[in-house]
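Shared between the two complexes below is chain A, which pairs with chain B and chain C, respectively.
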Partner chain A sequence: MRRILLVDDSHTVRMYGRSILTSLPEVQIEEAQNGIEALEKTIAQKFDLLLVDVNMPKMDGYTLLRELRSRPALWSIPAIMVTTEDKEEDLRRAYAAGASFHLSKPFDPEFLRRSVALLLGEGA
Partner chain B sequence: MSVNDDEFVWFRDFFGRKTGIYFEDNKRYFVDRRLTARMQATGHKSCLLYLRFVQFQASQSEFQRLVNAMTVNETYFFREDYQLIALVDGVLDDVKKRKKPGESIRIWSMPCSTGEEPYSIAIYLLEHWPGMADADVEIIGSDINSAVLDSAREGLFTDYALRSTPPAIVAKYFKQVSDTTHRLLPEIREAITFTQVNLSNPDETRSYRGFDIVFCRNLLIYFDSTSRREAVECLYGALNPGGYVFLGHSESMSRISSLFTISKAADALVYQKPL
Partner chain C sequence: MRDTAWLREVPEKNRRELYTELVEGGTPAWQLCYTPAADAVARGQDPLRLVRDLPGMRWFALDARSGVPDSPDSGPSVCRLIVNVIVVASDPTMSEALASEGDRAVVTHLAPYDLCFPTGEPQPQDWPAEVEVRDLLKRKQGLALWRVLAAKSKETAESSWQASVLRWMCCVLESVRPDQELLEALFASFSTAYFQAPVAAPAATDRSTLSPKEPSQTSELRGHAALLVQAQLALLGPVGPVGADALWPGRLHAAATALERVFRAVGAAELAAKISEAVAAALEAGAATPLRTLAEEALRSWQGVPDLATSKFAISASEHPAAAVPAPARNEDVERQALRMLKVEPGRIDSLLGLVGELAVAKNSLPFLARRAELDFGSRQLAREIKERYAVINRITEELQSAVMHVRMMPLAHVFRRFPRLVRDLSAKLGKLIRLEIVGEDTEADKGIVEELFDPLVHLFRNSIDHGVEMPDEREAAGKAREGLIRLSAQHADDRVIIEMRDDGHGIDVERVRQKAIEKGLASADDLRQRSDDDIIQLIFAPGFSTVENVSELSGRGVGMDVVRTMVTRAGGTITVTSKPQEGTTTRITLPVTMAVSRVMIVEAGGTEVGLPFVNVRETVHVQPGDLKHVGQGRAIVLRGRLIPVWPLAELLALPQTETVAGEGTSVLVLRVDGHDLGLAVDGFQETVDVITKPLAGVLGHLELFIGTAMLGDGRVLLVLDPKEIVRCL
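And now, the complex of A and B:
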């Protein structure tokens, strides 16, 4: 079973992401509402992939990724960064923070599934 | 260093979303070879790391290099010349009769690859269309591939690209620069404007308007069905009422869209935007 953590402050977006990803085989989905909650969950439990929104209260997506990458046990977890636009500055910051892949909202279900499948496959 | 199935499928999807071009499974070897070459050129040890690099690179220069590697199409002068015959034998006269004095006839060659098509059109009109005497014709060649555009502007062609060109035409319009290479005369080179455009990007195609004739040959066959329909709608928007589209000989507009009226000019099928 592969475990995916959906990190987004919007309940709707988490529901949407869950509805798309549950069709992947052998996948279990957990949720977190902000960076701090995500960091705590990732430290306490094992995840195979994170889907991280950029803009969140308490701790944003960039900070969360930097926190993950600074911990030896978590530095290589695949993480897809979700931004609202393909802004150059967002891409640069996401890359620097250690994002594995990038998607922009609104994401296409098929492309999200493909990206997740690719990153989960690499960890196998 | 290789490309696995998931990486290929992901890349095909990613590339298709940006360009409209969809690689069928039988293009796997073609795609893998080019991806691997770009991985090596950029010093990436795995395909996944390379794909990460491509999507995050803000300048998009690596994506453009990939586009250039994936979209090279060999062509030659006066290819499918029955369409050029149709042009001078009906189509241009029809367009010209609707023009007011001083209005130019605008022809768009998209995709133009290394320039053979727009240059062929220019030479063919000079040679065979009497209407040139009092018409102002503007020809624009466009392509998504920045490297072929550089080559088109350069105007150097091998014997192979001129294999269907009558020797008298080669002698008249080209200067031999080596045993097998010929340079198109500057007056023809300068008559064509070359621009880079991605037909799948509405932001890029928005300014392409007011054309009378579009040559869009052997491009839509590489598109997925959605991109194909959107591309045809883009061509429709780019044309003046009464304007014409020429497709490749194996392509059919009727399977894509009902926006155009089909008719025959000389031996060619042409698609006309209703007046």
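And now, the complex of A and C:
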């Protein structure tokens, strides 16, 4: 069973993400509303992949990624950054902070599903 | 015609491997049935060798054919072979050697299904956990199914039919997209011990047609995987050692995990296995290179995937903005080229160049040795031999030198490609319409030169855009196209590279330059009025000269053309400007192609030897005493109708002047400096040599009169004069 953490302050987006990813086999999906909550969850429980929104209250996506990448226990977890627009500067920031991949809203469900599958080590 | 029965001879393990290869890779497989001519061996051919050397050969089996007559002349070497071969290659014509065999080599397409069939003796055995397996199979729970099957196959006798079925099902499940129909067929064959490949199988349809270009699901997946791998390259950050980046170890581990999973997902297990090693190496080296190499290796090997562009996913991927940023390698040609390139630190090439320079100097000692052999040891024979050897070493050294120089060469495109953006941005800011034309950007020059070129060119561009090209309305009023044109061109001329920037603006206002020069007191008003327009234009290079009253944001930053000239001169070049009213301005920069080795002429003056750059030497003349005329305070010679001022070099250098023997005449070295000729009276000329001039350092560092020093073949040090500085001393 692989565990994915959806980090987004919008309930709708989390629901949307969940609906796309539940079709993947043997996947369990957890949610967090902001960076702090996500960080607390990743420290307490084991996750195989994170889907992180850029803009969130309390702690934004960049900060969350930097926190992850500076902790040896967490730094190996792949994290997909969800950006609102594709400004080159934002993307550079995302990868510098430690994003494993990025998707920009609105994203193609199949593209998300497949990116997640590949980052979990699965072909389908 | 198409006989696949022989495939039963191929061991199951090999067939499974081949099946995986075909399903995962984009390269199709071919079955080759090769029947060498009966007299092939007698004619000296080696049919087996030919088969073995086929590119992509995976397996071959031999068979004997009947009906070959034993003719008396064929003897014992008659060839009765039939060779069946499996080849994985994109091109079924395979090799020229085979092509010449014509009909004797029959190629047919081999589908993955052809390889998949269980073998072995059926055992009386029921399906273990049949219900569970059937259920998992129906629900397409690949991983869970695989676990059950793998466990069961260990409990089954290895050589049995059932074990073979289980192994095959595992094999199919391991592929990127397990073939459901094939799995069901295998499942059915477990108890019936009769295997029937699915009829409507996708592979079966293209058995007759040779269409390996069909976009497969595998290639879609690999396309997506390639995007993810490229994202990891972005995550790893720029090439080279990391500085103080606290997040780097974290990013390295994150990239490693992602790469490992993606590799596993697409079945590149061998790459996935190398990850941990690469991480260790990267941590040790403090640079992500080992991991990068793995990622790049993957991207490279996936390029073999049939035509990514035709697959449905690839289109959606390229539309997807994600492809834009983490995909520096998106352009496959660039990628491929980059992979073929070798990246070398400039310092290494420079040290190589230094060594070549030392060698060039060291070899120059041989002529001295030859002279000694002749004069001191009286062996003319030995002297001649040394000279002969010297000629050979000299030639090789020259070639070596030019080869190393060539390594340092880079196309001007490196600098030129930065200008379209500059032109676009600046012209937009000023509301001007300007088209940039670039010609000859593949012209090559020494790396140092290319890098020196950027700043002066930026300045010239700013000048042209700001002051040269007019506003669209103004242009229209002057009867020109609304859109201005700036043309940047580069070309080689001998060992120089000429860079020209031409705009079609209103040109330089000569009267204003003249006025300004008078105001600034650059020369007397009378003098300036008499000078030609061309001469006046050159005044823009005078230090501190600027014609524009209101300093604009773009080009008036206190940096004038004098700075441009200084930069160009420092790189060993010259710069000239020509301008025509209403037609535009042309700036021409001439630079040496290479900068490291220079040719120097050695002259004698005041009992010592000094060098002068050969590029400045126009000619050497010997003038009779009467021809050295006194003109005012100085002296001059008339050379082909032109008056050339002459200064005694010894006097300029404050060296003791040698007595001139009456009636002997004087040797004059004619130099051209910045377009003007001048003569230097010297005591004598010596040879010209290739040297590496090293700038003066330490306490002598401030002596601007000298370009530097050079080591001569016999170990002496030669001071090389800077002709431009000589002119300033006059």
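In this text, the second predicted complex is superposed on the first by the 121 of 124 C-alpha atoms of A that agree within 3 Å, B and C clash if a C-alpha of one lies under 4 Å from a C-alpha of the other, contacts with A are read in each partner's own complex, and residues count from 1 in each chain.
To be clear about the criterion, a contact is a pair of C-beta atoms (placed from the backbone, for glycine too) under 8 Å apart; a residue touches a chain by one contact, two chains touch by 3 or more.
As the structure is a computational prediction, the values presented were derived from the model and not from experiment.
With chain A as the common reference, chain B cannot sit beside chain C without a clash.
When the shared chain is aligned, chain B and chain C each come close enough to touch A:Gly121.
Using the contact criterion defined above for the overlaid structures, shared-chain residue A:Phe111 touches chain B and also reaches chain C.
Which of chain B and chain C touches more residues of chain A: that partner is C. Judged by the touch definition given at the top, the superposed model places A:Ala99 against both chain B and chain C. In the superposed model, A:Met59 makes contact with neither chain B nor chain C. In the overlay built on the shared chain, the residue A:Pro25 is in contact with chain C alone; chain B does not reach it. Looking at the shared chain after the overlay, A:Glu88 reaches both chain B and chain C. Annotation: chain A residues 88, 91-92, 95, 99-102, 108, 110-111, 114-115, 117-119, 121-122 touch chain B in one complex and chain C in the other. On the chain A side of its complex with chain C, the touching residues are 25-26, 66, 68-72, 75-79, 86, 88, 91-92, 95-104, 107-108, 110-111, 114-115, 117-124.
Chain A contributes residues 88-89, 91-92, 94-95, 99-102, 108, 110-111, 114-115, 117-119, 121-122 to its touches with chain B in the complex. Residues 141-144, 175-177, 221, 224-225, 227-228, 231-232, 234-235, 237, 246-247, 249-251, 253-258, 260-262, 264-267, 316-317, 320-322, 324-326 of chain C touch chain A in their complex.
Residues of chain B that touch chain A in their complex: 4, 6-7, 9-10, 13-14, 17, 48, 51-52, 55-59.
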